[in-house]
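Once you scroll down, you'll see the structures, which are given as structure tokens.
The following pair of complexes shares a single chain, subunit A, combined with subunit B in the former and subunit C in the latter.
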Partner chain A sequence: MSEAKFKLLVAPPAIVSSAILVLLFIVLLYYSLPALGEYGLGLLASPTWKPVEGALGEYGLLIPLAGTLVSAIIAVLLAMPLALASVVFTEEILPRGMPRWREAFVAMIDVMTGLPTIVYGLWGAAVLAPLLGDTLYRWLYEGLSFIPLFSCQPVTGNTILTAGILLAIMITPFIYVVVRESYRQIPRTYREAALSLGTTRYEYARIMMGMARPAILAGALIGFGRAAGETVAVALVVGNTFNMPSCLLAPSYTVSSLIANQFANAQLYPLMLNVLVSGGLILLLIGIASNILGIMYLRRVRYVA
Partner chain B sequence: MPDWRRVKDRIFTVATVLLALLAVAPLFHILATVAIRGGSAILRGGVSFFTDPPAYPGSEELGGVGPALLGTLWLGLATSLIGVPLALLTAVYMVEYRESKLARATRVFTSSLLEVPTVLIGMLVFLVVVVPMGRYSLAAGSIALAIVMLPYTVSYVERALDGVPRTYREAGYSIGMTRAQVVFQVVMGIASRGVAAGVLVGVAKVLSETAPLLFTIGSARGSYPTGPQSLLEPGDALPLLIFQFAQTPYSNWQDLAWGSALLLTLIILVIFTLLRLLFREVKL
Partner chain C sequence: MEPVEVKVSDLNVWIGGSHILKGVSMKAPPGAVTAVMGPSGSGKSTLIRVINRLIDLIPGARVEGKVLLGSLDALRADPYEVRRRTGMVFQEPNPFPHMTIYDNVAIGPRIHGLARGEELDRLVEWALRMAHLWDEVKDRLGDYPHQLSGGQKQRLSLARALALKPRVLLLDEPTANIDPVSTVKIERSIMEYAKTAMATVIIVTHTPQQAARISDHILFIYQGRVVEYGPTREVVLHPRHELTRKFLGGEV
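Now for the complex of A and B:
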């Protein structure tokens, strides 16, 4: 096979592979335009969702957008301490004479990243949501209902907070991997310098985490992107109700779970398909933006030893 | 007078260990629940769990997940047929023409694809394949899944090919091999473990995906895909069945969902163990 033929064999697949993302963006934009033309900014700012079969309904994405943001932010806030503690646990506490335990722990984290999201969703809907509804949410409502976030009486366990908690469990391994990778790159001389000061483990870990700060931010962003885009697991626990997520103990909606529930039948309603596609376009932008920002932060982690 | 630095250190250590254990605790609860509820559903159904279609909702009978299991296998096969060659050739291009503009663009675009929510890939395939074809089909699902597979497999294979030392290529050229021969006979051979890892990771990812199937395969719960011609028909898959049955109030359908979750988890754990045996570091 000549050089030219070889190139002819491998270049088209590369073109196809890179064209997919471009095609995705163009198709989503193309189908979004009619909705943007009809509803304008109201598409993002209106909380109304009134489908009318065979006639033009009123559609605003404010509630699912807020739900996506709130659930993803809860997920990152809860996942971060777990991920950072796991990094310190495997990198500083365990290695002293226990390499097998360390390997086992890392294998568990790996399995968690690979476990199908639908399995998390099934467990979340059947086990986690009822459990939280009967315990934590009752306590939060009874004890802390003077805080607006906990001021609504929980009816079931399917709430925006459950979505956030389930997402936190799911994204912890991803944040862990991002932070651990750059934690390991901290040069030996820095570590020795910190240790030579006679630091306790706590002081030492604080110094190391300070050095890994860009990676922590990157992990938060990448975790946020994952959480915002997660679909089926959230759809099973979020309650799927058009309800502003101002109280965390009530059901709500997210953009992805709205798409999962409504997209297949959206063609029955004029413009509903286009509205859902524009929701998808926003998810695409959130996913790409959080990834690009995350990579930018990771690039800043360049230690000069 | 307590030494506050030591006290703080103790508290920190204990809290760290507890939080780290809390991070992995859900895994055990999930695996145990899936094993118990899924296991009892499969034991109750016996062989027919793997062969029969689901029984009527709310019926005393359980039925099985035969069509969904078969559908998942066909999807895995068809997706690999589209996705693996595409990913391998793309990775070869990226490594061989590293400095070209197209190679750089491909690297950026495929790695960004990794962060695209997979439900959007289902949306794309619905709009550009399902609507023009006028029907849901396993083929449409395979196209969606091949797109999901692409970035994972490309990044693994690219790294594997990239890691092959120059001297091997030069040895190939020195005995008069063409570039194609060097790539496919020498480099691929040396990098074969990494290439296999890329394919396995891609397959594991694809078998466990639900969102790209929501608007593409049509959940035809009773139809058994028997041959390649069935790819043009609607079909079912285990993850999709779990998603839809979990939302129903019927206990026999929920049992089928748990049984399917156990099957799916076992498939993923087997692939994961294979990867673990072949290679030390695994990232899914």
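Now for the complex of A and C:
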């Protein structure tokens, strides 16, 4: 095949895939404009959600936006220590003595990144939410209700905190993979230098993690982006209630679960579809921003002697 | 702190299937610099990695023989204990890139709880002066190592090792990729540290000139075996072995 033909063969798919992102953005923006025109900034700032069938309702996305941010932040905060501990475990502890176990462990975590998210959702709704509702949430309310975050009596296990915990479980493998790949690239000479100082494994791992710091930040951002965009698993456990997530033991909403729940009947309510699309636009922007920032941090991981 | 003699007896090392060190015996006395020289691939680096147990990191490495650091049996002891008494400088300058110049030197004393506050400041200054780097960095201790030249980075790596005041200082071709000015400074540091701290310094080098310049004793290794060992003057001026003569003349 000639050079020119080969270029012609591989160029269009690449152009199409990048064009899709641009088109996606344009279409979402186009359908958002009527809602933005009608409600202005109130669309983001108002907590009211009052649909009126056949007439213009009142729509504000503040609660689902807050729910998305709160659940994603909880997810990242819980997932980081899990992911970092797993990296140290598979890279430092298992290779000495139990290399086979390490292979199995790594393979399992890698598989977890590719599981259909509905599987997590089903498990979350059937097992995790009831379990947390009967145990952890009761304890938190009984013991720590003086803290505003735990001040509301939990009714069921379907809460914003459950969404955060389930998301943490879902994004841990992603953060793990990002950090592990950078961790493995740390040149041997730095490992030897750290050990030659007489460090214990803990101190050694702390120095290595310090070197992988850009990757840790990147992993956190990419994990945040995934958590903010996750839909079906969250919709099954978050409670889907217009309720500010100021107390973590109450049900709430996220942007993506709102879209999933309301989309089917949105045609019955004027402008609701446009409001939902603007929610989607915001998710797209959050996703793009967290990924770009994450990639920028990853590029900073260079260990030049 | 007590001077420590390094004594290696009948050391054999296999990595994978290959026999890297074949019955190596040597001594390195305190207060002196012992140079380990030989062509590349002769097992020099492996020898010093046995002394501080970094050999443990190499998968499939098998070690037999005896290594004594004073009274400490280095091959039986806890490797952390061994490395605590030994410092090491590597061929590539490798200060930790995410730590400032100050923190790179302070990390060892901090980990081992040796000094804090002003005492730590003094220790860092002492180590940087010992490594002949202080004058160049004293006004920018908060900078990161990537702002330093290669030679300065290597002197920073040396200062990091010195800050723990190791009884045994191991150097693995520390000036192989370094500019001549830094090379001279590092060589001076090494000799001064051996004399003033009564430390045992072992430096691996592939250039006989460097061995002649700075060492008190020379160990010449070829293909995993000790060919010649003795006071530097004797080895350089009156080599007993034909191979040593050839190596000194640049023929091996």
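What we mean here is this: the second predicted complex is superposed on the first by the 290 of 305 C-alpha atoms of A that agree within 3 Å, B and C clash if a C-alpha of one lies under 4 Å from a C-alpha of the other, contacts with A are read in each partner's own complex, and residues count from 1 in each chain.
Here is the rule we use: a residue touches a chain if its C-beta (ideal position, glycine included) is under 8 Å from a C-beta of that chain, and two chains touch if they have at least 3 such contacts.
Treat the numbers as computed from the prediction; the structure is a model and nothing was measured.
Novice: Name the contact category of A:200: first (subunit B only), second (subunit C only), both, or neither.
Specialist: both
Novice: Which of the two partners, first being subunit B and second being subunit C, lies in contact with A:24: first, second, both, or neither?
Specialist: first
Novice: Classify the contacts of A:118 with the two partner chains as first (subunit B alone), second (subunit C alone), both, or neither.
Specialist: first
Novice: Subunit A residues in contact: does subunit B have more, or subunit C?
Specialist: Comparing touch counts on subunit A for subunit B and subunit C gives B.
Novice: Check whether A:191 is in contact with subunit B, with subunit C, with both or with neither, and answer first, second, both or neither.
Specialist: Second partner only.
Novice: Quick check on the superposed pair: does A:93 touch subunit B, subunit C, both, or neither? Answer first, second, both or neither.
Specialist: After superposition on chain A, A:93 lies in contact with subunit B alone.
Novice: Which parts of subunit A are in contact with subunit B and also with subunit C?
Specialist: Common interface on subunit A, subunit B vs subunit C: 200, 203.
Novice: Which residues of subunit B touch subunit A in their complex?
Specialist: Subunit B reaches subunit A through residues 5-6, 8-9, 12-13, 15-20, 22-24, 26-27, 29-30, 33-34, 37, 85-87, 89-90, 92-94, 96-97, 102-103, 105-106, 108-110, 112-121, 123-124, 126-128, 147, 150, 154, 178-181, 183, 204, 207-211, 214-215, 239, 242-243, 246-247, 254, 257-258, 261, 264-265, 268-269, 272, 276, 282-284.
Novice: Within their complex, state which residues of subunit A touch subunit B.
Specialist: Touching subunit B from subunit A are residues 1-3, 5-7, 9-11, 13-18, 20-24, 27-28, 31, 81-83, 85-86, 88-90, 93, 105, 107-123, 125-127, 169, 172-173, 176-177, 200-203, 205, 222, 225-226, 228-232, 235-236, 256, 259-260, 263-264, 276-277, 280, 283-284, 287-288, 290-292.
Novice: Which subunit C residues qualify as touching subunit A in the complex?
Specialist: Against subunit A, subunit C makes touches at 52, 54, 57, 80-81, 83-88, 90-94, 96-99, 107-108, 111-112, 146, 153, 157, 160-161, 164.
Novice: Given the complex with subunit C, which residues does subunit A contribute to the contact?
Specialist: Residue list for subunit A touching subunit C: 187-200, 203, 207, 210-211, 213, 303-305.
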